[in-house]
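Please find the structures below.
Each of the next two complexes has chain A plus one more chain, namely chain B in the first and chain C in the second.
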Partner chain A sequence: MERISEDNLFEFATFDEKESEHIAAPRYSYWKSVWRTFFKSKVTVFLSVFVIVLVAFALIQPLQSGYSPTVAPNINNADMKYLPPSAEHIFGTDNIGNEVWDVVWAGARNSIIVSFVSTAIIMVVGILVGAIWGFSKKMDKWMIEVYNVVANVPYLLLAMVLSYVLGAGLGTLIFVMTCIDWIYVAYFIRTQVMIIRDREYNMASKCLGTKTFTMIVKNILPYLVSVIVTYISREIPGLISYEVFLSYLGLGLGTNYASLGRTISQYKSFMTGYPHLFWIPVLVLAAIAISLYVVGQKLADATDPRTHR
Partner chain B sequence: MKKGYILKRLLRSLISILVIMLVVFILVYTLIPRDNIFFEDATYRKLGGKPDEKTDYVYNTWARLGYLDYVKINDYCLEKYEAGSEEMKKAVLPDSQETANFVALYESKGYTVEYMKVSGQAYAYKDIPVIQRLATWFGNLIQIDHVNRVQDPNNPDLERKIYFGTTPTGGWAIIGSGTYHKYLLYTDSHFPFIHQNFITLNMGNSYPTYQGLEALSVMFSPQGTEVKRDVTFETGETASSAINFGTLTYKENLDRMDKKKFVDHYANYTTFKDQASMVGTSFTMGIFAMLLAYGIGLPVGMAMARNKDGVIDKLGMLFIIFITSVPSLAYIYIFRYLGTTIFGLPSIFTTFGPSDIRSWILPIISLALPSISSLMLWIRRYVVDQSNSDYVKFAKAKGLSRKEIFRRHIFKNASIPIVHGIPSSLAACITGAIITEAIYSVGGMGKMLPNAINQYNNVMIVALTFLFSTISVVSVLLGDIILTKVDPRISLTEKAGRS
Partner chain C sequence: MSAMTNRDVLLSLKDVEISFDNGGRKKFKAVQGATFDIYKGETFALVGESGSGKTTIGRAIMRINELSNGEILFEGKRISGKLSKQEDMEVIRNIQMIFQDPAASLNERATIEYCISEGLYNFHLYQNEQDRLVKVDRALEEVGLLPEHKSRYPHEFSGGQRQRVGIARALIMEPKLVVADEPISALDVSIRAQVLNLMNKLKNEKGLTYLFIAHDLSVVRFIADRIAVIHLGRIVEIAETEELFAYPLHPYTISLLSAVPMPDPVIEKQREPIVYSETTEEKTGPDYEMREIRPGHFVYCNPEQAMEYQKAAESIKEG
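Then we have the complex of A and B:
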């Protein structure tokens, strides 16, 4: 009797193929994890809001103020010149009676537009070329020489000649910035692709019969995302710096465009007499660049799958 | 490493340089309007009221710079008639038979014929294609001095020989006659003590700025005021002069003063000056900045890695973030402000000049900042990576001290990628630092390219590009070779590598 009852306690389980494939771990979604990691830190959230407000303000304020370096409405009004920062004139006024507040934001706007658009173009072209370059060994031999040439053409010369031929302006500057920098991105991506391509897990994946396309999308891209975001977070402040540098030398945007670089170069003679004129653009520039960089770095950390817990 | 690899790579580098130069030639000589070169030319401005002279000057300048071939009716008729003769005066007139022949001849050769505005005299020109200009440029690049180099119709008795002797300042020398340089090889008390003039590089004469100077000598000649001392010339004449005897070259027309000083036709010279050349200034600044960067960046980066997530690490990261994100223009001004207000250092290089050490401190620190930050970042990364590797765990398990593991194992491996970058950093010293030199008004190489571009000094642009790209391509190769010497596991040839 007892034996029979013991037998009754057990029953045969049916083999369920679907069930056996199930992994008893929480579902992993890459992008959800990215955002979760990113928003975990209060400082990062605060900084991102700060950056968004800063960029939005820089984009909108000049439209509202209508500042243009070609008009100086207060040039003959001595009472409007060299005013210190106050409630009425937040950043004070400069040597020709312009509101420094307007000058700085108009310059910041152009810097931000140029750097964002250029970064987008550079990254798209660079990643596409770099991915193909990294996968094709035949192409590598030739592309290395192309890299040698493009990386060695003096960018200052190119900047000047192109602004000569195309006429100075935002479009020209974006073209100047992109037409050399893409090769650095391509070279960088090529190296990354080459490193990941031959990793053990990809070899294994290949052996198990994964298609190349699946491998690129599932195995390689998630790894590259964090690398690319890291690169972007350096590239945007880098290009702002580059625009400032070119304008400082008088090779960037023409005199018809507001520019932080030219503003700094124009105001540098007031450094001792009216220090606020010189230091305000420098510090605004530093604030924009540094906050963009830090937020970018945080985003890059969040996109690295290894930080996902 | 195989010798064939280096040879092949040198050859490919050479082709790369050629292509770079072609791109630069196209940019400079076809895309920039050729009228622009006169913007900075004082002679051109003076000729405003004389259209014929102006046209002649413009075309002569273009011809000298290699833009085009230029022929005047005057030159054409001089082959037939005496200068200043009556036939000559008639022949150059626009309705003469000679002019008709001239026009027919040069139009058949593909020249464009035009007439002067006032006198109506004919002239012809033909553009020289960029490829041909590039070939000419490379053809003239390397000049080898030999006894038949000077061909002076006014001095047919010029001796042609090479002999041993001494310079007036007492150094040994190989002296040439009939050569362009008088002293082909000589010793003196100036660095690098042995100088040679057998092989010189010729990159054309600078125009419109630094007129008449060779492009290379603009970069390499000393600057500042002349250093005079009492010298005895070969004629026995003694005078206070800054002459550098080693630089004597052939001069066709000697004046009275030359005849007093020199026994032969070698009377062109450059002088000693009290400041280093542009290259010298940039190089001195660059070398010290580099030493500073390695001296601070490496130890601090390693300290950061050893105290990962500690106070030093956090502070270091703050510094790195600041330097990488803030535009150099902004942080150089900020550091300069701190240096001048706290330490009382001069804000501009020229306040005390290059002989005072205080002038150098701030520019060198400013120049070193980005290298310090990137060295810190990378050495930290490498050391952290190496610390987690199996061989370090093994060494720990075997009982090696922390210090020993670090010094003999981690540092050795972590420094390999750092060593790779040394030749490139050295090369960067020569090209100069544009922003740093501009902010501190240092007379170095940094301003050369932007100035040459702004002033349309095309000769200089081409010379600088050639110099910089050659140095950069060679330094990358050197870095790779050093890499294989430091780490024998690395091979540059494709077969031995994994990928």
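Then we have the complex of A and C:
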């Protein structure tokens, strides 16, 4: 047996200073974590697929059906009027013999297009203006007055005046929806920017000579992803409903455009006699708006890094 | 400054006053009459209690806070007030800052690579991508971090590691002066020495000059060459480190030194802190100014107090 002495009983442990700096935790990536959190829930996955299919269908179906509110091929065919939903006529037919199925999807298509385009414009303009607004104290002084004026213009009145002056149409409607809403987004972003503008890491960036624009892109906006996604998730379904509301009042799309709002407005008189005519467009609207809203909220939650892991 | 007239002045504050508008009619003066020089290659410490204005001075040098009076000179050129774009960039490159809270001073949504390269990007201090990465690797290595940390995010690091990222980010600019605003007060006690030693090592390697802002006298004694004691926005005493600890003259300095805890429990039990109160000590007046009591040792006082301090210094010398 080997003799145990102090010489071989102990040996020097090697200490590597570099080793202690090693980080064992797996690499973190913001967007990967966002998607992992988002797809964790089965309900969310189901709803996302549902939303995508619904929106895609609404965008494609009218192209295939070729429905136009200005043509009514069956208007003189009494047999084609007021048919209840069946295998042949999925949503039934209306008072002038049109397929409700085609009417509803063509309307949904316009609502979705208007809402998506308007939201894109509102967000881009709002974020750009808001970010600069939040940074510049000089701009804040007069911008707050602009906000006070623009935000207090009666929304509906403006919509009425514009639709009469410019003529009802897709472009007018988008203009009506965006011309005031952007300032709410800008104001919201301005407040958010002001909250994080003076944080120490921004001061550090300033001490490193970073320009304001780089700071907005690199230091501010990444922190606002979550609140921006939340805003978008409310804005899109909100504007879909708003389009319906304006069209219902006759201020939205003109009569040569299919529109969910005007469809609901036209069918409301059949609510007692042929309830399916009224309820089907309402339910389609609800399905689109609610599922978009829920998916948006889930995405907004997932973009909040506090929910990760 | 008799003992060191031959040394180059890097930064010089002349009668600096910084005031904040607090909405009322009277502005709040956070700092008044701050005058001192920082010599090339030294570590100059600014010590004082919370709210005494030491961070405000640091930020004024970084030009985050504006001066309401006086001026700041860097290498003889005025850097306070309006500067041309080119001068501005020049000053930014030469004066860098290490921040107090490493948890708050790094961009949580950017990788370490970006955090460290930020200055390089702003000044385009690299020939190509390859060169930038080499510089980042070297900066990481200098502060004892690994190249693999480049793709990590700040929240994955410990406080000490983050502070070292903060140091690397400041030093990659190759500044002449580094303003360290309580760089270790937010750190765990066990890693404070590590960061201090690193700062000392880098200072010797790169010939840096530090303005070290702190409230902890034991830390200051370890790192600083000269100390300025600041109280309620006024610098009350400036001296070399050992001089200050051997001959504390201003009553506030004496009180501050008496508050340092002793590691020996027996002595600590008997230690009686001297309370400094402004009512007993007349604080300021028209004939008050910084007077040289001993070589290189300045105290804020009037002529009568100067005589007293001189006597006090004599008696300490005799034991």
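Just so it is clear, the second predicted complex is superposed on the first by the 260 of 309 C-alpha atoms of A that agree within 3 Å, B and C clash if a C-alpha of one lies under 4 Å from a C-alpha of the other, contacts with A are read in each partner's own complex, and residues count from 1 in each chain.
As a convention for this text, contacts are C-beta pairs under 8 Å (C-beta built on N, C-alpha and C of every residue); 3 or more make two chains touch, one makes a residue touch a chain.
These numbers come from a predicted model, not from an experiment.
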Ask   = What is the contact status of A:Arg27 with respect to chain B (first) and chain C (second): first, second, both, or neither?
value = second
Message = For the overlaid complexes, name the partner, chain B or chain C, with more touching residues on chain A.
response = B
Query = In the superposed arrangement, which partner chain does A:Val153 touch: chain B (first), chain C (second), both, or neither?
reply = first
Message = Contact-wise, after the overlay, does A:Gly250 reach chain B, chain C, both or neither (first, second, both, neither)?
response = first
Task = In the overlay, answer first, second, both or neither for which of chain B and chain C A:Pro237 touches.
result = first
Request  = Scan A:Glu17 for contacts with chain B and chain C and give back first, second, both or neither.
outcome  = second
Inquiry  = Is A:Asn219 touching anything from chain B or chain C once the two structures are fitted on A? First, second, both or neither.
reply    = second
Request  = Figure out whether A:Leu9 sits in contact with chain B (first) or chain C (second), or with both, or with neither.
outcome  = neither
Message = Output check: A:Val294 vs chain B and chain C. Expected answer is one of first, second, both, neither. What do you get?
response = first
Query = Which of the residues in chain A end up touching chain B in this complex?
reply = 145, 148-149, 152-154, 156-158, 160-161, 164-165, 194, 197-198, 234, 237, 240-241, 244-245, 248-251, 261, 264, 268, 278, 282-283, 285-286, 289-290, 292-294, 297
Message = Residue numbers of chain C touching chain A in their complex, please.
response = 62, 64, 89, 92-93, 96-97, 99-101, 104-110, 114, 118-119, 121-123, 144-146, 148-149, 151-153, 155-157, 161, 166, 169, 173
Message = Show me the residue ranges of chain A that touch chain C in the complex, using the header's touch definition.
response = 17-18, 21-23, 25, 27-28, 30, 199-201, 203-211, 214, 218-219, 222-223
Ask   = What residues on chain B touch chain A, complex-wise?
value = 12-13, 15-17, 19-20, 23-24, 27-28, 31-33, 321-322, 324-331, 333-334, 434-435, 438, 449-450, 453-454, 461, 464-465, 468-469, 472-473, 498-499
